[in-house]
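Please find the structures below.
Each of the next two complexes has chain A plus one more chain, namely chain B in the first and chain C in the second.
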Partner chain A sequence: MSLLKPFSKLPGLNTANILLVESEEQFQQSLADALVEETSVTVNVRLAKSLPLPMENDESRPRIDLVVFIINLTSELSFQSAEASLKYLDPGYFLGKVCFMVTNARNASSPAERLDAVRKLASSLHCPLLFAEDQTPDGVASATERLLTILKVAAGLVPIATALYVSNLTRCTLPLDIDLPSFD
Partner chain B sequence: MADGRAAAQLSEAAQSELLDMCEEQFAQLEKLQNEIILCEPDFCENPQEQSVKRLIATEAELKQWSTVEPQLLAENPKILLEAGKEEMHKLCSELEMVASCYEAKRDKLKETMELEQKWLEENKQMLAAASGHNERLQIEKEKLSEHTVLQDIKEKIQKMKVYQERLMETLGYILEKHIPLPQEDSSTNKKKKNVPHEIHENLISLNEILEILMNKALNTPHDPYVVIDDTFWPPYVEMLLRYGIAVRHHENNFKIRLETFF
Partner chain C sequence: MSFGLEASSITFREVMESSDSQGKLNHMVGTVEPNDVPAAEGATGQKDTSPVDMLRIKQQMSNQCFEMAVQLNAEKNKRSCSTSEAERDLPEYISELERVKTLHFNSTLTLHRMQMWHAIGEKLNWSDSEADALKAISDRCMGLCSHIKHLQQESKKLQDEITEIQKNRLEMKRVTHEKIKHMEEFSKKEYPDMEKYKAALEKGQANLEKYKKMAIMTQNVLRGILLACKVNWLDDPKLRDIAMTLEEFPISE
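On to the complex of A and B.
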């Protein structure tokens, strides 16, 4: 089992590397296209269907600063795949270098229980949970902006802020009573 | 790293000073990196244990931040000026964005307030109208006593009676003038002289036919039909039926009733 480690490689100069993990590979590409548009830092986007990452290009792979799990709420497989992939991450990643992004949360065919399950998962791992709209350009742009904010901190490009510090503020917290209607 | 671009405009001395600093930092980074790799990896699957570790890490970070001494970025004032300028520009543009955002918010709130005020005004007017109406009703209620109500109704009944009287009189007058008894009719009309005389004797006037029909309709509303006998002059019956004053029974041709005008 090859664990992905946050500090196994040296960082690049003024560079941030993000890994998008999505089993369905629908939202990944448009999000990646928007992410690399960023001008103030060099953003490298790596795409994966699931973890673990293949061994062959392990050497050429840069240090991953942020791992994003994209979960489509209308598909159970998407959630299961993300859950299974979590095992291949070094615990060091969970100190602010992982985040979950949920799509299709407003879709009527996505069961509320699945959202609750994702919420539980994110809060048990102390990771932020983002909601994104993948159908419209506006939704992609705002999702990109939010990811970039987290990514810059996770890559150490923001003075005085560290990933652990920010994640303590942005992590998903479970409401005390999960049965209460959630206000998203 | 952030002031790397700014350094392009600086003197060579300052630039080399910055590069030296960067190299120094990178050397330290490499040293730390090696330390991390040499560290024993510790696995923990238990989420509770992970939480504890997270807490420890956060505490360590807190301690680090609280003990660290603030350090000047560089000694060279030119570098500091350039870095400060850049920071200021960034801050300025961010603040401008915040300002425009708040202006938009303020305008929206103003609009909402105007709408709410209009709504409040309308509601106030409505309240005034309703309370005025209420007051008027109250005054009226005080004025009205049982006696006056009785008086009122008596007056109304009287009026109705007078009206009905007048209607009856008019009806009688019209019937008398335009639809006289068939006997007189036949006496003036030569053609009708051939009609047998004995039938005429029992004939009743249209006046009476109408009276019978009306009484029947009022006294026995469940069965308002009247049997046509030989006292009813057929042309009169025909006329009543034709002008929709009377209706024939569905099954029995010899029965008629008054049309339901109400």
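On to the complex of A and C.
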């Protein structure tokens, strides 16, 4: 299978590459528009509907620093497609180079079980879980800011922090985790 | 989303080749104009990189190398253990890591501080316009610092005085409370003796009333005698003394 590997290519100078995976292909467009506005670093945004990525682009594709799965909580298909795409990522990515972003969490038509399932998934993989609001430009802007923070760390642009270190601080935890008697 | 050579951030859309549409090649939905690839190269080549930028890029590269080295090491030091064991050990390792990182960061800061002070010291040794400006500023700083010290001492003195006064006040309050308590105790304790005293007091008062009545009666009688005799008591000194004493007591109640 064609796994996406994190360290199989040389990194770019002063660049950060991000891959947005969303099965509905809506939010990723506006996010991409906002992400490329960043001036201090060259941000390359690649968009995909799901993994695995097509082999034909493999040569020209740069090294991906951060993979973001965008899940729309109102559609079950979105969640399942994201889950299925996880298999095509090399395990090396899960040490801080994967992030989950969830939209429509406040929508009445999104069932609570789906959010719980996403939370469980994110916490079992030790990845951060971000909530975003995709309808207003303010929501897109704030989601972009947070993604950029994580992206800059994943691309090595922050001198003190590496992706693995920061992932320990930003990982999603389930509320029940605190009560579990896991320290005996 | 077209960009010039400066801000070259590019978006590519990767379309997966679906199995049923074999005729469709995966095409790059080019949301940029055709000169995207050269733009990528042009960005790194044509930007004027200042030393600061170069340092930053070097830092980024060293970070990347560090990550790759970590991955390689992880492959080497594999050991098998269960996930729950790993979860348990993880927080200790993280806190140890944080401790070491903070230590390192603080040491770096101290080092930078020392370097800065050394540089300032060296600069002050030369005598050019900047050194003069530095000297003036440092003199002003010294003046302000001694002023601060002076003010701090004054405020400390005043604070001490305030504390003294508060202590005294508290002491006074305590003493007052004690006295009040004593008074209450005493006022309660009197009861067994008070009966006796009250009885004695009442007897004394009754006696006083009796003797007063007697005195008034005697007075009235004497007055009556004087008036009835129609004697001129003003001229006779002995009679005058007696008449004067009759005025001291009230005539009747």
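Heads up, the rule we're going with is that the second predicted complex is superposed on the first by the 176 of 184 C-alpha atoms of A that agree within 3 Å, B and C clash if a C-alpha of one lies under 4 Å from a C-alpha of the other, contacts with A are read in each partner's own complex, and residues count from 1 in each chain.
FYI, a contact is a pair of C-beta atoms (placed from the backbone, for glycine too) under 8 Å apart; a residue touches a chain by one contact, two chains touch by 3 or more.
For clarity, every value in this text was computed on a predicted model and none was experimentally measured.
Asks: Between chain B (first) and chain C (second), which, if any, makes contact with A:L164: first, second, both or neither?
Replies: A:L164 contacts both chain B and chain C.
Asks: Is A:L130 touching the first partner chain B, the second partner chain C, both, or neither of them?
Replies: In the superposed model, A:L130 contacts neither chain B nor chain C.
Asks: Specify the partner with more touching residues on chain A, choosing between chain B and chain C.
Replies: The partner with more contacted residues on chain A is C.
Asks: Would you check which partner chain A:V67 touches, where first means chain B only, second means chain C only, and both and neither mean what they say?
Replies: Neither partner.
Asks: One more residue to check, A:D90. First (chain B), second (chain C), both or neither?
Replies: After superposition on chain A, A:D90 lies in contact with chain B alone.
Asks: One more residue to check, A:V102. First (chain B), second (chain C), both or neither?
Replies: In the superposed model, A:V102 contacts neither chain B nor chain C.
Asks: Under the stated touch criterion, which partner chain does A:L13 make contact with: chain B (first), chain C (second), both, or neither?
Replies: After superposing on A, A:L13 lies in contact with both chain B and chain C.
Asks: Indicate the residue numbers of chain A shared between its chain B interface and its chain C interface, in ascending order.
Replies: After superposing on chain A, chain A residues 7, 11, 13-14, 157, 159, 162, 164-165, 168 contact both chain B and chain C.
Asks: For chain A, which residues count as touching chain C in their complex?
Replies: Residue list for chain A touching chain C: 7, 11-14, 32-33, 35-39, 42-50, 52-54, 56-57, 60-61, 92, 155-160, 162-165, 168, 182-183.
Asks: Any idea which chain C residues touch chain A in the complex?
Replies: Where chain C meets chain A, its residues are 1, 3, 7-17, 26, 28, 37, 40, 43-44, 53, 56-57, 59-61, 63-64, 66-68, 70-71, 84, 87-88, 90, 94, 97, 101, 105.
Asks: Inside the complex, what are the residues of chain B that reach chain A?
Replies: 1-2, 4, 29-30, 33, 36-37, 41-44, 47, 50-51, 53-54, 57-58, 61
Asks: For chain A, which residues count as touching chain B in their complex?
Replies: Those in contact with chain B are residues 3, 7-11, 13-14, 90-91, 94-95, 124-126, 157, 159, 162, 164-165, 168.
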